[in-house]
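Structures are listed in the sections that come next.
Look for chain A in each of the two complexes below; its partner is chain B in the first and chain C in the second.
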Partner chain A sequence: MSQPRVERVDQVREQGTGAVATQFLRELLGLRREKWGNLWGYVFIAPAVLLYFVFQAWPILRGLFMAFSDYRWLIPQTHGWAGFNGLANWVEMFRDETFWQSFLIAVKFSLMFVPLTLILSLLTAVLISQINNGFSAAIYRVIAYMPVILPISIGMLVWVKLFDVRFGYLNVLLQDFGMANPPNWLGSPKMALYTMVLPTVWSKFGSWTLLFLIGIYNINREIYEAARVDGASGWRQFLNITLPLLKPVFTLVLVLGSGVVSVTEESMLLFGGTTGGPAESALTTGVYLYRTAFIHGDMRMGYAATLSLFLGLVNMLITVFVFTTLRSERA
Partner chain B sequence: MSTRITRRTFLKMTATGLAGAALAACQPLPAPGATGTGAPAAEGKVVRIILPSWATGEIPFDTTARQFNEANPGVNVQIQTDFEGWETKVLAQISAGKVEWSGVGIASSASSSLPRWILTGLVQPLDDLIAASKEKGAVDMTTDMLPTLRAASTHDGKFYGIPYSFENISFNWRTDYFDAVGAKEAPKDWETWLSIAQEIKKWGADKKIIPSAFIEDLDASVGSLIYGSLDQPFDDNMILKWDSPEAVEALTFYKKMVDGELTPPHGFDGWLDAYYAGQLASVQAQSSRGVWGQLSFGTDKVTTSPVPTRDGKPHAGTPFWGNCVAVLNKAPNAQEALDYFAYTMGPQNVDFQKTVIKTGKTPVYESAYKAIINGDPQFKTYAWMNDMRDQVDHSVARPFNNYFSIQDTYYRKYIVQLVEPGSTMTPEECAKHILEDSQAEIAKQKL
Partner chain C sequence: MAALTRAFKKNLNTNALFVNLTLWLICAFCLLPVVWTISSSFKTRQELYMAAPVMIPRSPTLANYQWIMTREDMSRLPFNLWNSAKVTLGSVIIQCIIATMAGFAFARLEFRGRDLIFYLLILLMFVPRAGGLMALYELMDFLHLRNSHLGLTLLFPSAISVALFVMRQNFLGVPRELEEAAIIDGANTWQLFWHVDVPFVKGGIAVVAIWEFIYVWGEYLITLTMLDFPEQETVSIAVTKLQGWGAHFTSSTLAGYGAESAAYVVAMLPVILVFILLQRWFVRGLSEGILKL
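Right after this comes the complex of A and B.
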């Protein structure tokens, strides 16, 4: 039979103040444990939570505030609360022709980039999945994934060399085939945006391929065998088995990769800086806001944060649309 | 005895491990990017200096740090390569009042980076530090320096950035190709340039030689042409005088060169590959590009001259910039950092000046011209640097603001439209667009 509570309290009191304080803490922790579970768990996740707040939550909150301020890097008086300017940045954004031009370019680019990458990665994944030899399949997987791990600066430098108007392999090849004046791939305002699609697809499709491959490898092989027995052709199997069963992967891929792609790094590497290509023909929103924040004049980071937030909101809407459309099939 | 670990034991072990890790983390570590200059152990006054890798690759800052440390017991200069976001980190440290680094480089004076560093409070004035320095070359640094470069590093009467070299836009040309069409000298004016270029085009048609090229930047192309047309290229608002007849004439000349296929497409597409392939006869670019050519083809094949101007007169000279180092605001051991810079880059360090010259960058001290370029027969091939010094000596510095980049952006946008095949844009329209867009963007910068 347990000791009455009054007696236990008296015993602790007799041991002195230190014992009372210790007991108090024990009681407190005990009560909390009933509600919150094992408190040690919180201790263990504390470093991760702290890091999240410092490196994720705080920059997001700070960025949110900056989007409503006239923060200029070169003018310290605009930093902090003094720079708060309400909706002025948003009004400016809606009147900013260059921004809308860059937004349209980014949308146009995305409309080429997303379907192309999707088709190419799906096709590659299906082809690799058809290889029965495990070693050979692994080699192809590595080849497909290689552009993802290659530093983007090196990858784009190679493409710049390939596209060189005078000495690029592509134009030398075209000249060998008799084309007297091959295109100025990266230099012509008419070509630059389309030219930028290819290196970007190349650098990104590897990760999408891997996701599709995981999806394909998870499809039960017996379904294909049953379809074969029923006389279904390879194409029919792809249409009626592979594609429907890959819908969860499509959701993941589209959520991760769709939206208005800002292609900032690719553009800056292909066209050498923040020019946005010849005559700004490939000036995407990412490059425009980078230029606003880090290159021009007083470095208007507040306004750039507004543009960035707007782009984030648009992409959030697209993500919601993708989720809503493919929700029933979500993994 | 049971070998199982109880929860209590596990927690004790974890806590001990974490405490150990925390203690280890408190121990001072070498800052990221430390190159290990062979300095004595981190005792005494530690002077950390951030420099970009291209600078440490071309100039032996590491070696001079080691020599300086040996000559100054108790001082430990460490050269560290810069890293992503260093500027933000240093500014945060300055706000917090505890700065880890003492010196920094490389900023371009008469350009955007040194004004930015000064305006953001990243760097401090050097006048008092120079006056207090006991290093041999410290005082001579400013007195021996070319006046235009000293002025370009000065803001509100205070001196901020010590240039170790300068560059200016120049005419880098293949003497053998020019010689083949009878041109023994670089053209002095645009008319001569145009006619020589046409001759070279005819002469080099079989080898696909391009007579001339520009670099894409405003300052290396039409900006230089405007400098070469006007005595004062900037208006009261510190913008290039785009609405002047001379600026339109500069654009017209540029278009004539491109339309006549005397340059690569747009004036610059693929110029560097063509240059290295021996298919480019001349390029208007910074003077170090001439040395690149000399290294590839020989010192007798490539040389550098002042840029041709509209009428052969010097006018405003050419855009130029000093490659500067500076001392950080609230830097620890600021005096020692300055002493190190004076020891390394001061005019008394002849070996350092020689190294700078060999990289193709032009020295900043009068004494280096006298003693090395004109005094040492081994440096005869760099005699062209005298012309660069003379040109920079009367050149107009860029205004002290960060607006040149804005004009550069709009210049790049419209110059392509002007010279694109089939373009109907006139030079007047091009100049008007550049000016209006620049003014609109600059207006946004003003509070």
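Right after this comes the complex of A and C.
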């Protein structure tokens, strides 16, 4: 709406009391339209900006400070500025064996979870894109996305039932096939972490699939036609056309899931509880910091914030790394 | 006839067979837990503990559902559903309103710092939340919004980045000529917004509403942290506390697992319905919103 100013002023006069009032307010504040533009803009964004800064931006800033203070929820003397303790949390973190153990578990879990999810979602997306019938493609899309929309708690609870050592469907099937002692999937420290990978993949791979699928749908059909004329096989088309052109989606998927190391907090909590599974074998850093902040002792939120910030930094490094490698290859 | 045989052969070629077979396997993987739960919720005690369980109950019963919805001493499920409905619908309404208004301003109004503010709102999405949950806990306690559905209803819609992006994208698609005609007719900013632009972006609003509905209905971690009392719990929290039910069944024909499954089915039904009925909007929202980021 970039009309000449004179016209706009005329318009304002014709619009009656409301507009006159705004105009009056504007003059009163000494704000000229050229400088601030349409003041209605601020009114329209105000509710969103207000909620956003209170509930989203502030916790980020507060969390940063919290990470450098000995903040214990149940001890009022440590609240606010009084809790500031410099780098003491970080020194403690580097000496904390439970933390390093949990970090190792989290990394191990992610090294299984991320590649599996990537492969499965890419495979599903490529296969669905091969379906020409619009209706069946839609059905496949809905079904592949179904686990993502279900409440995570229900999804995980059902998997716990399926993995149950005595009555779980999985073990009943295994016994039918003649296995006398089927594994205690979630109950044994050796198996628990590996068992948790599958349901977590189940609950997450649908959203990645949809992103890949949209990426594939956006690739120009003519490129494939040209490749087919040149005699490229389906596999070659995938390697030389689909994969390179999906690079932006790869970045997006990894950035959006940028909690590569901590994205699984919720499912881990639901599986192992705050104890972190049998013999703490599935105590990831996410679960560890949750229990430090909300379950144990004085509710040490400061230390938990430190752990959380550390995870965030690791994730950011990974994201930057992925971003730059994918970028540089494109150039 | 020749065309038919050709079509038949084409469908039967190995490539298509491989594609469909693999997809069926993947679908089975996706649906197994859901189908299993639905099946269990209709089973009697006898069928639940059969040596060789079957997917389709032979003598389906509704007793599990009756039990969870009516046993007030045991099951708080109807209240939990009501809590979930309150929080979810409240969040959806608030997010739709604020995202639509802000999306309009960012797409159509010219004011100082507009683009700067917009990118700030979007970019913060990618900043790691150090101690986000701890800081939120403190903030909500300070505002006296812990243990309050109102608190959750304000907190959830504040994650506005994606919704804002979708709405701005939608408003950018409204034809300029239409607005100019309205301006010549003397419409002010509000009239422009409400009578000209909003009717054009109903699709975008639907997308935002579906996203928010699915997100809030299933939200677990934040809700768990913010609510202390059982009577406030939403279904996604309440279902995790049902494990003890088995012991309270005096009936010889039912089992706790059946009742739990029935509770799961009731709790996931709303999102499944919303998703299936409105999936067209959903996919559209994804392709319009996130992928252009």
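In this section, the second predicted complex is superposed on the first by the 272 of 331 C-alpha atoms of A that agree within 3 Å, B and C clash if a C-alpha of one lies under 4 Å from a C-alpha of the other, contacts with A are read in each partner's own complex, and residues count from 1 in each chain.
Assume contacts are C-beta pairs under 8 Å (C-beta built on N, C-alpha and C of every residue); 3 or more make two chains touch, one makes a residue touch a chain.
The model shown is predicted, which means the values in this text are computed figures rather than measured ones.
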Based on the superposition on chain A, does the combination of chain B and chain C result in a clash or a fit?
clash
Now for A:135: first (chain B), second (chain C), both, or neither, which partner does it touch?
neither
Going by the contact rule set out at the top, does A:177 touch chain B (first), chain C (second), both, or neither?
neither
Once chain A of both complexes is superposed, is A:167 in touch with chain B (first), chain C (second), both, or neither?
both
Could you tell me if A:309 is touching chain B, chain C, both of them or neither one (first, second, both, neither)?
second
First (chain B), second (chain C), both or neither: which does A:235 touch?
neither
In this superposition, which partner touches a larger number of chain A residues, chain B or chain C?
C
Contacts of A:40 with chain B and chain C, given as first, second, both or neither
both
Who does A:56 touch here: chain B (first), chain C (second), both, or neither?
second
Going by the contact rule set out at the top, does A:81 touch chain B (first), chain C (second), both, or neither?
neither
Between 2-10, 110-118 or 344-352, which chain B stretch has C-alpha clashes with chain C?
2-10
What part of chain A is shared between its chain B contacts and its chain C contacts?
40, 73, 167
What part of chain B is in contact with chain A in the complex they form?
11, 116, 119-121, 216, 264-266, 269-270, 273-274, 277, 279, 401-403, 405-406, 409, 412-414, 416-417, 420, 441-442, 444-445, 447
Within the complex, which stretch of chain A touches chain C?
1-2, 11, 14-15, 18-19, 35-42, 44-45, 47-49, 51-52, 54-60, 62-64, 66-67, 71, 73, 120, 123-124, 127-128, 130-131, 138, 140-147, 149-155, 157-159, 161-162, 167, 169, 172, 176, 202, 206, 210-211, 214-215, 217-218, 234, 249, 252, 255-256, 258-259, 265-266, 269-270, 290, 293-294, 301, 304-306, 308-309, 311-313, 315-316, 319
Chain C residues touching chain A - in the complex, by the definition given at the top:
15-16, 19, 22-23, 26-27, 29-34, 36-37, 48-49, 51-53, 94, 97-99, 101-102, 104-106, 108-112, 114, 117, 121, 124, 126-139, 154-155, 157-160, 164, 179, 183, 186, 188-190, 193, 214, 217-218, 220-221, 225, 235-237, 239-240, 257, 260, 264, 267-268, 271-272, 275-276, 279, 283, 286-287, 290-291, 293
If you look only at chain A, which of its residues touch chain B in the complex?
40, 70, 72-76, 78, 92, 164-167, 184, 186-189, 272, 274-276, 278-280, 291, 295-300
